[in-house]
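Below, chain A partners chain B and then partners chain C, in two separate complexes.
Our next item is the complex of A and B:
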C-alpha cells in the first residue's frame, strides 16, 4: 500500500505535466481549428485547406522534406559507415555532433554571408568561370542549408545501428562468397534499417516545419507547412486556420512515426 | 585475414570523411573569421580588428538578453530534471505494461512534435489560461519541452539497476526514503546529469517555441539573432557566434566527460 502512495507521489507532477502540456495543447489545437477568424464555429478552415492553394503548398512542403531527407541519407550513410571504421570512432562521432550543438540560426546566418551576392560561393563561381549567380533566396539554398543542418541527426542513429552490428556476420557473408555489394544489400543495410528509419524520422518531420530557414534563406520562395502555421498565428492572427494546418501536420507526424516504427531512446 | 584489410580506410574514403568534416565546420569558422573583419561585411577581409567584440560587450541590451537566456536555461533544466526524474521513477514502478506504454508514448509526443506545433499550441494554452506572454510563459514552455528528454535519459539507468539491490536494502532495514536517497538516486545520478545537460542544450538552442510564446520586452538569444539576421548582416552577430562556439565547446567537453564516464558508446542527439 505504502508503495503505491509513494509511486503516486512521484507520478503526480509528471502526470500534471502530461495533462497540461501534452494533452491539453493538442486538444486546444483541434478545438481552435473549428473556428473561423471571427470566432464563429465553422468548418470553413477545413474547406480552405482543401483548396488548390493549400494542397499545392502541402505537396511542395512534402517534396522539399523528401528531397532533404533523401539527400541527407545519401550523404550520411557512407559517413556513418566510414566513421565506424576509424580508430577513435567515438571521438570522431563527437566531432560530427558538435556542429549540431551550435545554434541553428547562427548556421543559417553564416549562409547569408556565404551565399550572398558578393559572398564566397559567388567568388568561387566567378573564379572557375561560371560567373556569379543568385544563390541566396532560391530553393537550392533552402535545400542545401537544411541538409547541412540535418546531416548530424541522420548520421547519429545510423552510426549507432552500424556500431551494434555484429562483425562476425560480415565474416560469415564473406566466407560464404558474398561480394561487397551483396553483403551490403543483404546483410548490412537490413540490419541497420532501424537506424535509417530513426534518422529519416528526425529529419523529415522538422523539415516539414522549419519556418526560420524559409524566411532567412529561401526568402519566402519556399513555403513549408511550418511557415504557413507561423504566418497564420503570428502575422495574419488567424489562429483557426493556423490550427487547421497544425492538425494536418500532427496527423502527418503520427503517420510518419507509425511508418518508421518507434523511435529509440535518446535519439 | 581479408577482414584485417577491410578494417582499413581507403584513401578515397578518407577524402570523403575530410570533405564532410570540412563542410560541417567551414560555415562556423567562416563566421568566426569574419568577426575580426574591420570592413563590416562578410566578404573582403580588410584588416584585423576586435571592434565587434568591444561593441558586443558595450551593448547592455544584448548582455541582458544573454543573461535572460542563461537564467531561463538553468532554471528550466533544473525544474525539468526534478519533474522528469520523478516521472521516470513513477513510470519505472508501474507494473502494468499497457499503462507504461501509454505513458511513454505521451512522453514522446513533445519530442517528435515539430517546434512550430509546440509553439503554436502553447501560445493557445497560455492565452486561454490568461498567462501573460513573457518570461513566465517562456520558462514554463522550456520546462515543458525538456521534461520528456530527462525521462528518456533516466529510465534506462533505472532499468539497468538490479531489483535485488532494493530488496537487499529493504532486508537490511532501510526505510523507503533511505532506499531512494541512498540506493536509487546515487545509481541513476549519471542519467540525471545527462538529462540535465540535454535539457540545458534544448533550452539554449530553442528558437521556434520561444518565438511563439514570448511577448513584448522579453527575448532570448535565438530570437534576438533571428530578428538581427532578418535585418541583414552585422558583424556583431559574428562576434557573438564566435563566443557561443567557444561556450558550446566547453559544454561539449563537460558532457563528454560526464557521459563517457558512465555510458560509453552512446550519444544523445538533438532535434
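Our next item is the complex of A and C:
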C-alpha cells in the first residue's frame, strides 16, 4: 500500500511534465487550427490545406525528407559497420558525434562560405578543370547539407545495433556455408533492422519540417511544411493556418512512427 | 542511495554557485538598480557611445536589447513579462500597435527637440500628429547592383530586372510586402493595392522573373552581396548603405516607377516602467548633434532636419539616400492593410516562392 503511494509520488513529476509540455501544447495546436484569421470558429484552414499549394508543398517536403533519409542511410550503414570493426570504436564514434554539438546555424553559415562562388568547393572544381558551378541555392546543396547535419543521428542507433550483434551468429552462418552477402542479407541486416528504423525515424521526421536551411542553403527554392508554419506564425500571424499545417505534420509523424514502430518479438 | 543523494546534492550546489555568480555579475553591471531604461531596438542600430553619454548625463542606466523583425518585437510586447521602455517599430507596425492599444501617448511638452524633425516626416497617416511616435530613421526600398559584374549596365527601374541577360543574378529579400510591392510597382499599381485582380497580375509577373532570381534570403543578403555572390539585390536603403561602405563597387538606385518609403520610429510601449526616462532619451536622440552622430554611425537617413547641418556635405547631398522631394513624392508608405489582406499578400508570395524555373 505504502509502496504504491511512493510510486505514484515518483510518477507525479513525470505526469506533470507530459501534461504541461506534451498534451497541453498539442491540444492548443488543435484548438487554434479551428480559427480563421479573424478569430472566428471555422474549418476554412482545413479546406485551404487541401488546395494545390499546400498539397504540392506536402509532397515536396516528403520527397526531400525521403531523399535525405535514404542518402543518410546509404552512407551511415557502412560507416557504422566499419566503426564496429575499428580498434578504438568509442573514439571514432565520438569524432562523428562531436559536430552535432555545434549549433546548426553556425554550420549552415559555414556552408554559405564553402559553397559560395568564391568558396573552397568552387576553387576545387576550378582546379580540376570543371570550372566553377552554381552550388549554393540548389537542390543539391540543400540535400547535401541536410544529410551532413542528420548523419550522426542515423549512425548512432545503427552502430548500437551492430555493436550488440552476437559475433557467434556470424560464425554459425559461416560454418553453415552462407556467403558474405547471404550472411548480411539473412543475418546481419534483419538483426539490426530496429537500429535502422530508429535512425530513419530520427532523420525523416525532423527533415519533414526543416525550415532554416530552406532559406539559408536553398535560398527559399525549397519550401517545406516547416517553412510554411514559420511564415504563418511569424509573418502573416495567421496562427490558425499555421496550427492546421502543424496538425497535419503531427498526424504524418504519428503515422510514420506507428508504421515503423518496433513490434515486440517475444524476447 | 547515498551515492544518488550525493549526486543530487552536487547538482544543487553547482546550480547555487552559478546562480550566485550570475546575480553578482548582474548587480555589478547595475542591472538591478532602480533608475534604468530598457531599450528594445533593431540590431546594430545605434551608436553605443551615445548610450554611454546619455548614461553619464542623466545617471540613468540603459539596458539595450535587440530584435530582428517587427513581428518578433510585437509578439514579445504583446505577451508581456517584458519591461521595455522604448521600442523602435516600423510604420505599419506602429499603426497596428496603436490600434491594439499597445502604445502610450507621448507628452510633447517633454520633447522640445521634436521641432528639429523635417515636417515632411511628421504627422503621417500611420500616426497622425505623432501622438505615439517620433521619427528615428527613414529610408526606401531599392536595387543594389554591381556595375562591374554587369559590364557597366545601368539599372534604373524595376522593369530593368526582367532583362533576360540577368539570368540567375538577382537576390530578393524574404519579405512579402517588399516583393509583392515590387511586382505591383512594376505594373504601375500602388504598393498598398488590395484589388485581388491586380495582386494576381503582379504575382504572375513576378513568376516570369523566376529565371533571373538566384535566391530569396533574409539578413544574409548583406553578406552575399558584399562578397559578390550575386550582382543584384533588392534591399532596404539602410542595408544598401551599409554594404556599400564595405564594397565600393556597389551602386544603389530607387526605381523610377516608385517604391516604398519606410520609417522606424521610437515609441513607448505599454510595458514601460520608466516613462520619464524614456521621454528623456527620446528628446536626447532628437538633439541635432546627437542625431547627426548617430546617422554617421548607423549610415541610415536621419529625419532630423537640423542634424543635416552637422553632417558631411557628400552624405547629405547624396540623392540615393536623401532623395529629392520630387522623387519622394513617388514613394509610398506601407499602410496597415489588415490581417486578411496581409494574409492574401503572404499567400501569393508563398505561391511565388514555390514557382519553379
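To be clear about the criterion, the second predicted complex is superposed on the first by the 247 of 267 C-alpha atoms of A that agree within 3 Å, B and C clash if a C-alpha of one lies under 4 Å from a C-alpha of the other, contacts with A are read in each partner's own complex, and residues count from 1 in each chain.
Going forward, a residue touches a chain if its C-beta (ideal position, glycine included) is under 8 Å from a C-beta of that chain, and two chains touch if they have at least 3 such contacts.
In this text the structure is predicted, and so the values were computed from the model without any measurement.
> Could you check whether chain B and chain C clash or fit when both are placed on chain A?
Pair status: clash.
> See if chain A has more residues touched by chain B or by chain C, and give me that chain.
B
> Quick one: classify A:37 as touching chain B (first), chain C (second), both or neither.
In the superposed model, A:37 contacts chain C only, not chain B.
> Examine A:234 and indicate which partner it touches, taking first as chain B and second as chain C; both and neither are also allowed.
both
> Between chain B (first) and chain C (second), which, if any, makes contact with A:190: first, second, both or neither?
It touches nothing on chain B or chain C.
> If you stack the two complexes on chain A, which partner ends up touching A:116: first (chain B), second (chain C), both, or neither?
Both chain B and chain C are touched by A:116.
> Quick one: classify A:215 as touching chain B (first), chain C (second), both or neither.
A:215 contacts both chain B and chain C.
> Counting only touches as set out at the top, which of chain B and chain C does A:202 meet: first, second, both, neither?
first
> What stretch of chain B clashes with chain C when the complexes are fitted on chain A: 110-118, 164-172 or 182-190?
The overlap with chain C comes from chain B residues 182-190.
> Name the residues of chain A shared by its contacts with chain B and its contacts with chain C.
109, 112, 116, 118, 215-216, 234
> Quick one: in the complex, what on chain A touches chain C?
Within the complex, chain A touches chain C at residues 37-38, 53, 56-57, 109, 112, 116-118, 134, 136-137, 215-216, 218-221, 223, 228, 231-232, 234-238, 241.
> Name, in rising order, each residue of chain A that touches chain B in their complex.
Touch list, chain A to chain B: 2-3, 6-8, 10-11, 13-15, 17-18, 20-26, 28-29, 32, 75, 78-79, 82-83, 85-86, 90, 92-114, 116, 118-120, 123, 148, 151-153, 156-157, 160, 163, 167, 170-171, 174, 201-202, 205-206, 208-209, 211-212, 215-216, 225-226, 229-230, 233-234, 239, 242-243, 246, 249-250, 253, 257, 263, 265-267.
> Name, in rising order, each residue of chain B that touches chain A in their complex.
Touching chain A from chain B are residues 2-3, 6-9, 13, 16-17, 20-21, 23-25, 27-28, 30-31, 34, 41-44, 82-84, 86-87, 89-91, 93-94, 103, 106-118, 120-125, 128, 144, 147, 149, 151-153, 155-156, 176, 201, 204-205, 207-208, 211-212, 221-222, 225-226, 229-230, 232-233, 237, 241, 244-245, 248-249, 251-252, 256, 260, 264-271.
> For the complex, which residues does chain C have touching chain A?
Those in contact with chain A are residues 69, 71-72, 75, 168, 171, 174, 176, 214-218, 220, 223-224, 227-229, 339-340, 342-343, 346-347, 350-351, 353-354, 356.
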